[in-house]
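Okay, so chain A shows up in both of these, paired with chain B first and chain C after.
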Partner chain A sequence: MSLVGRGQRRLEGADKVAGVTRYTADLEMAGLLHVQIVLSPLPAARIRSIDTTGAAAAPGVVGVFTGADLRSNANGPDKPLAVDRVFYGGQAVAAVVAISESAAADAAALVEVDLEPIPAVTDAEAAMREGAPQVLDTVAETSEEDAAVHGAATAAESEPVERPPNVTAVASFKRGNVAKALAGADVVIKQRYRLAGVHHSPMEPHVAIARPEADGGVTIWAPTQGPFALREDVAKTLGVPAYKVRVVPMPVGGGFGGKVILLEVLLSMLALKVGRPVRLALTRQQEFIVGHPAPGAAFDLELGAKKDGKLVALRVKYHYDNGATSGWHAGITGSFLGGTYQIANFELTGYEVATNKTPVDAYRGPGAPQAYFALESAIDELALQLDMDPIELRLLNASKEGDPSADKSPWPRIAMVECLEEAARHPLYKAAVGPGEGVGVAVGSWGGARTPAAAGCRVEPDGTLSIVIGTPDVSGATTGLAMIAADAFGVSADKVRIQTGETDVAPHGPIAAGSQTTYSIGGAVQEAALEARRQLLEIATDELEAAPEDLEISDGRVSVRGVPDRFVEITRLVAASTEFMGRHKPIHASGRSAVLSASPQFTVQIARVRTDPETGAFQLTGYAAIQDVGKAINPPEVEGQIHGGAAQALGRALGEQLAFDGDGQLRTGSFLDYELPTADQLPDIDVRLIEIPSPFGPLGAKGVGEPPAIPGPAALANALARATGTRLREVPIDRSALVKERTGARTG
Partner chain B sequence: MEFLQPTTWTEALEMKAAHPEALPIAGGTDVMVEINFDRQRPAAVIDLTKVAELEEWGTENGMLRVGAGVTYSRIIEELGGRLPGLAMASRTVGSPQIRNRGTVGGNLGSASPAGDAHPPLLSSGALVELASASGSRRVPVREFFVGPKRNAMRNDELIAAFLVEPTRGPEQFSKVGTRNAMVIAVCSFAIALDVERKRVGTGIGSAGPTPLAAIDAEEFMAGVLDESGLWERPADVDPNAVARFGELVAAAARPIDDVRGTAAYRRHALAVLARRTFTWAWDERRRSA
Partner chain C sequence: MGMGRTPPVGLMRITCTVNGKQVSADDVWAGESLLYVLRERLGLFGSKNACEQGECGSCSVYLDGKLVCACLVLGGQAEGREIVTVEGIGSDGALHAVQEAFVEAGAVQCGFCTPGLIVAAHDLLNRIPEPSTVQIREALAGNICRCTGYAKIIDAVHLAARGLAQSR
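Then we have the complex of A and B:
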């Protein structure tokens, strides 16, 4: 019986629970030195001078370095250490290398950095105003590649649009005549929606070790989501061929898009300078200001509809607050705004805005939670105004197979309608609401990424399979891959080990991001296991004197079908193909895949709340996530992904925010002030899987990781609006805005 | 850094006298955060966790005397019946780990306006016992908090204990926060009804530079209950009086705007908490009478 579709515990889970998994920070290494970085306290400044003499003389210090010591072609904010200018608070301006972590930290405090403050702007709207200080020296174009890595094509038409100050790129999508359609609409929702910037908050802060090698290259140990991407980047900066950078992928203690590359270029350079391995492990506070977070965004949205609920026009002007980088979220966002519903007229203009804050990067579904908070809040406002059932309104306008997406290309088979129909039937949606209660729904979707991949497979002396891929496991995906391999080969999943190989020897694999791991690699793993099986049976044919098609594998044996006593143990066959004087060729299989098309995924989530109108406090009392996953390879793992994703997205509404004060200082740089959701804030999450198989993905699978982390903020805001009559258009939610009864207190 | 580890109370006081700059550490749940954030680099630390006397509690002339080193978990388990308001507040502190380590003495030592032990200590009129090598004194908790994160303790003193009368009537504690655990409250409020002395006690947290008592509110409500003879024959309290009580509590607060909430919201929420906790306490009084 096949394993796929049945539950399998995470193969690496027990080690993690028992605390025996060795993470990067657990590694010991001969001659290891420790790095501490000195961070700029100012959001924008000229560097007058950096005096390292005191630090260099401190006990245990091996070297102190500044930007002048490290050659780099990167843009100002991206240089391993700042040169001449500081672009954001928390930018590294110097690095101390010492014999211990504490020696490095003590010496770092002795580095004297003389900064001349220059005008800074930490708010995107202020940055776009005439006369705002210019954040970046050069305005780089949006990197399509960055976006593509995480979420497939952005498909923005790059029409020339006027650019306010500090706008690094503009994404623009147009269809029909919006002005006319809005004028002819029966109802127009015209509102502004905002989301704060948030941080991935991985359990494991960024950490890496770099060791110099004799050939001029380096070996890097890092919990990276993308060993090959990391290798490329470091090699490029060092000016060495990629193979001279060897990346050893370590277990990832939470990545969510934030752990591809961060410290490794700096550490590689320092390692080569001092000629010894060096390590840097960020503290939690450093993680908050050094780790690249997710951007905040604001949307000015006009949504027009006819009385019967038919959407006719959507105009959205929106911007991303990217910190000191050029940014690439707006195009992805536009594809959701313009493609989710069938709207004949739209005009979507998304600005990428640079500010004097830590540069942003990808975070689980980059561009999607933002898009859907605005869109799905507006749809809910429209439903209330039209007095229509919000699911009915969505069904009336939902995109289906063949309908044009935002870039006009037809949608493939998608399951938005099925998800909405399932939501309409869900008890959380149908149950009556009492006073102070409300139910909200919201849609989310993700385009899905894909990258060519390969896998290698060997059969071990004990008859188990060792499969090597080039992609780390950030989600439990390798357990699903093991199930696919086990089914293909004919063993149980615990007989399969999936390892992420060092970049030296591993077959190429995509970065673990964009909901693409299983989708991209599944086929390669399956092919490798089938090929290993073929090679094994070839040996067995000889031993059993039977044709391969008459052979079967079960219980660790190869036997002749229908003649169970004619068998040979797999271990025997492996021995015969590996032992001294053996007669057979060793099993050495590989598989490759290149999925030709993305399989967009849809989800609908339902939130139920109970509110306290006197204090504005509220409690989520129920939550459901309905998601089309194509085919659930390992259903409990899929549910786990959905639980985690929903919790993360709800965190954006419940309290997470990177808040800055007027001086550009982060006010929420610790878990005391940065409020991650806690268990008491989250109800049980009921997961309903819909399985409309993908024609492209392995066994019909689609990506799973991103979609659940998208609709939460809108689902919650919609539920609160229905419970209280107060519409919150900004997350995180300000509870005081929900207060109804202002009796009994002189309020301000 | 010098690490001092006394094993008796006398030794602790002598060490403190010899090293007035030394920072005491009990559960460490505030101290270690300060050190990790590099807000403090104490030259010396006095570890009080080996001093058995600090972990004891007992009665003294009808008062409960609770050692500064008694943790929140023990308050809840061992003193929940006698100090219900403090136990309620203790249940809301941090997480189980924090309640297992954190002490009321440490809360008083930090003197944060958001310290959860403070409102119930204020509402029940507790005394803080301070000791030095040259003697000890008892300071009413209402005089103990002298400024933001500042208290009346001299630098040769340590906190020995707090003293409080066991409950003489219903007590309540409630707080408003963005979540129910691991968070600094937006504001908090404690109430204690002293049925024997016909007094109403209050304590406000997170809504001023120090924890505060709402004295006007206390006197107002005690007067209302007195005038209508409600202390003896508990019956409905005029809702207008309850609303007024809430207003007076809100007026006593001196809140500011910050990431967690505006001053206006804090005042509003305090009025709500005051009305609610009074109503709960009064309902209990009526049930028990």
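Then we have the complex of A and C:
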């Protein structure tokens, strides 16, 4: 019986609950030195001087380094240590290497950094005003590859229009005649929606170890989502061939897009300077300002429809607040705004804006929670104005297979309609709404990513399989991959180990991002296991004197079909192909895959709230997540991804935000101030899986991890609007606004 | 920083019981946290350092039977006392029912918050053998998990409660 589709316990789960899994910060290493970084307290400054003499003389210090000591061609904000100029508060300006963490910390406090403040701007709108200080001195080309690995083909055209200050790129999508269509619409929703910047906040802060090697390269231990991407980045900076940078992928204590590369270039350079292994483990407070977060965004949106609910026009002018980098979210966002519903006329213009804050990067569905908060709030406002059922309105306009997406390419088979129909049947949606209650729905989607991948497989002396891939496990995907391999080979999943190999020996694997791990690698793992089976049967053929097609594998043996007493143990076949004077070639299988097309994933989430009419306080009384996953390889882990994604999206709505003061200082840089959702704040989350198989993914699977983290803010805002009549167009939700409006309404 | 500043004055030897064994740690200075002593001096890496301000529960341990955040307890306060960490929850190499339930229910994802949650859930079931979902949510509110949305963690605690009830 097939394992795929049935629940399988996480293969590494027992180690994790026992507390014996070794994460990067748990490694012990001979000769290890510790690094502490000195961060700029100012958001923009010229570096007049850095006096390291006091620090260098402190007990236990091995070396103190500044940007002048480290050669790097990176743009100013991306240099391992700042050179001449500081672009954001929290940018590292010096590094101390010492014999202990405490010695490094003590010495770091003695580094005298003389900064000359220069005008800074930490708000995107202010940054776009005439006369605003210039944030970046060079603008990198927007990296299509950055956007692409996170799962979106961005076919946005770049506008040749004159740009406001600090706008590094403009994404533009156009269809039809928007002005005319808006003028001819029966109803137009014209509103502004905003989302605060948020932080991934993985429970494991960033940490890495770099050790210098005799060949001029380095070995890096890091909880990275992309060992190969990391290897290439470090090699490029060091000027050595990629293979001289060996990345040892460590268990990832939460990534969500934020753990690909951060500290490793700096640590590699320091390791080569001091000739010993060095480690840097960020504190939580450092994690908040050094770890690249997700951008805030604002949308000025006009959505026009006919009386019957048919959407006719969408104009959105939006911008991303990217911190000190060029950014690449706006194109992805446009693909959702323009493609989710069939709208004959649209004009979408997205600005990437640089500000003097920590550079942003990918966070779970980059560009999607932002797009869908605006779009799905507006759709709900429209449904209320038209007095239409919000699901019916969405079904009327939903994109289907063959319809044009934002860049005109036809949608493949998608399941937005199936998700909406399931939502309409869901008890949370159908149950009667009492006084003070409200139900909100919202759609989300993700384009899906794909990358060529390979896998290796051999059979161990005890008859178990060892499979090597090049992608780390950030989602439980390897247990699912083990199930695929087990089915293909003919053993149980607990007889399969999936290892993420070190980059000098592992087959190539994609970055674990963009909801692509199972999607991109599943086929390679399956092919490797099938090839290993073929090789095993080839050996058995000889031993059993039977044709390979007459052989079967079960219970650790190869036997002749229908003749159960003619068998040979797998362990014996392995011995015969590995032992001294053995007669057979060893089993050494590989598999490869290159999925040729992405499989977009849709989800609908339902939020139910109860509000207190006296105070405006609210409680989430129920939540449902309906998602097309193509084929759930390991259903409990798929559910787990959806639970966790939904919780992150709700966190974004309920309280998470990176708030800065007028001086460019982060005011929410600790777990005391940054409100992560806790167990007592979240509702039960009911997950419903829709399985419309992908024609491309392994066994019909589609990506899972990103879609659940998308619709939450709109679902909650829509529920609150329906419960209270108050529309909140900003997340995190300002509860006091809810209270004021209600008390104001009562007294007024 | 939890590891703190270089000690200006004398260092201590502390002796305590950890997971049933008497152990000593040398060169402990006055400002050092119990978490640091456990991890860096005693080699017990199960308790995780994730916030160092008692907000996330990733370093939850028992101190004389009371659930504490090891990052908020001074190493010196452990002198003569009894500590149980995640490594001491199981016995004879076997997982405890709480640990088993976490794996069975799919409550483990990245695993970084898991050790603290295991200890906190173990403590809850000691106090309230058959907790309601609301009691579980409240008892675990001091342990932040970023991966699971807590759903399967709550399932796991219910599952462990049933298992423990049957074995009583």
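By definition in this document, the second predicted complex is superposed on the first by the 739 of 748 C-alpha atoms of A that agree within 3 Å, B and C clash if a C-alpha of one lies under 4 Å from a C-alpha of the other, contacts with A are read in each partner's own complex, and residues count from 1 in each chain.
As a working rule, a contact is a pair of C-beta atoms (placed from the backbone, for glycine too) under 8 Å apart; a residue touches a chain by one contact, two chains touch by 3 or more.
Source: prediction; values computed, not measured.
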Is A:S49 in contact with chain B, with chain C, with both, or with neither (first, second, both, neither)? neither
Check the residue A:S554 against both partner chains and state whether it touches chain B (first), chain C (second), both, or neither. neither
Of chain C and chain B, partner touching more chain A residues: C
Contacts for A:R735 in the overlay, against chain B (first) and chain C (second): which applies, first, second, both or neither? first
Classify the contacts of A:S670 with the two partner chains as first (chain B alone), second (chain C alone), both, or neither. both
Just chain B (first), just chain C (second), both, or neither: which does A:S409 touch? neither
Name the contact category of A:Y23: first (chain B only), second (chain C only), both, or neither. second
Between chain B and chain C, whom does A:D680 touch in the aligned arrangement: first, second, both, or neither? both
Could you say whether A:Q385 touches chain B, chain C, both of them, or neither, answering first, second, both or neither? neither
Would you check which partner chain A:A617 touches, where first means chain B only, second means chain C only, and both and neither mean what they say? first
Where on chain A do chain B and chain C both make contact? 283, 670-672, 677-681
Chain C residues touching chain A in their complex are 1, 3-6, 39, 43-53, 55-56, 58, 85-87, 90, 95, 99-100, 102-104, 106, 108-115, 118, 133, 136-138, 140-154
Residue set of chain A touching chain C in the complex reads 7, 9-10, 12-23, 25-26, 28, 59-60, 100-103, 105-106, 200-205, 251-256, 281, 283-284, 474-476, 636-637, 639-640, 643-648, 670-672, 676-682, 684-685
Over in the complex, which chain B residues touch chain A? Could you list them? 33, 36-37, 176, 178-184, 243, 246-247, 250-251, 259, 261-265, 267-273, 275-276
Footprint of chain B on chain A - complex, ascending: 283, 285, 614-617, 654-655, 659, 667-668, 670-673, 675, 677-681, 735-736, 739, 742-748
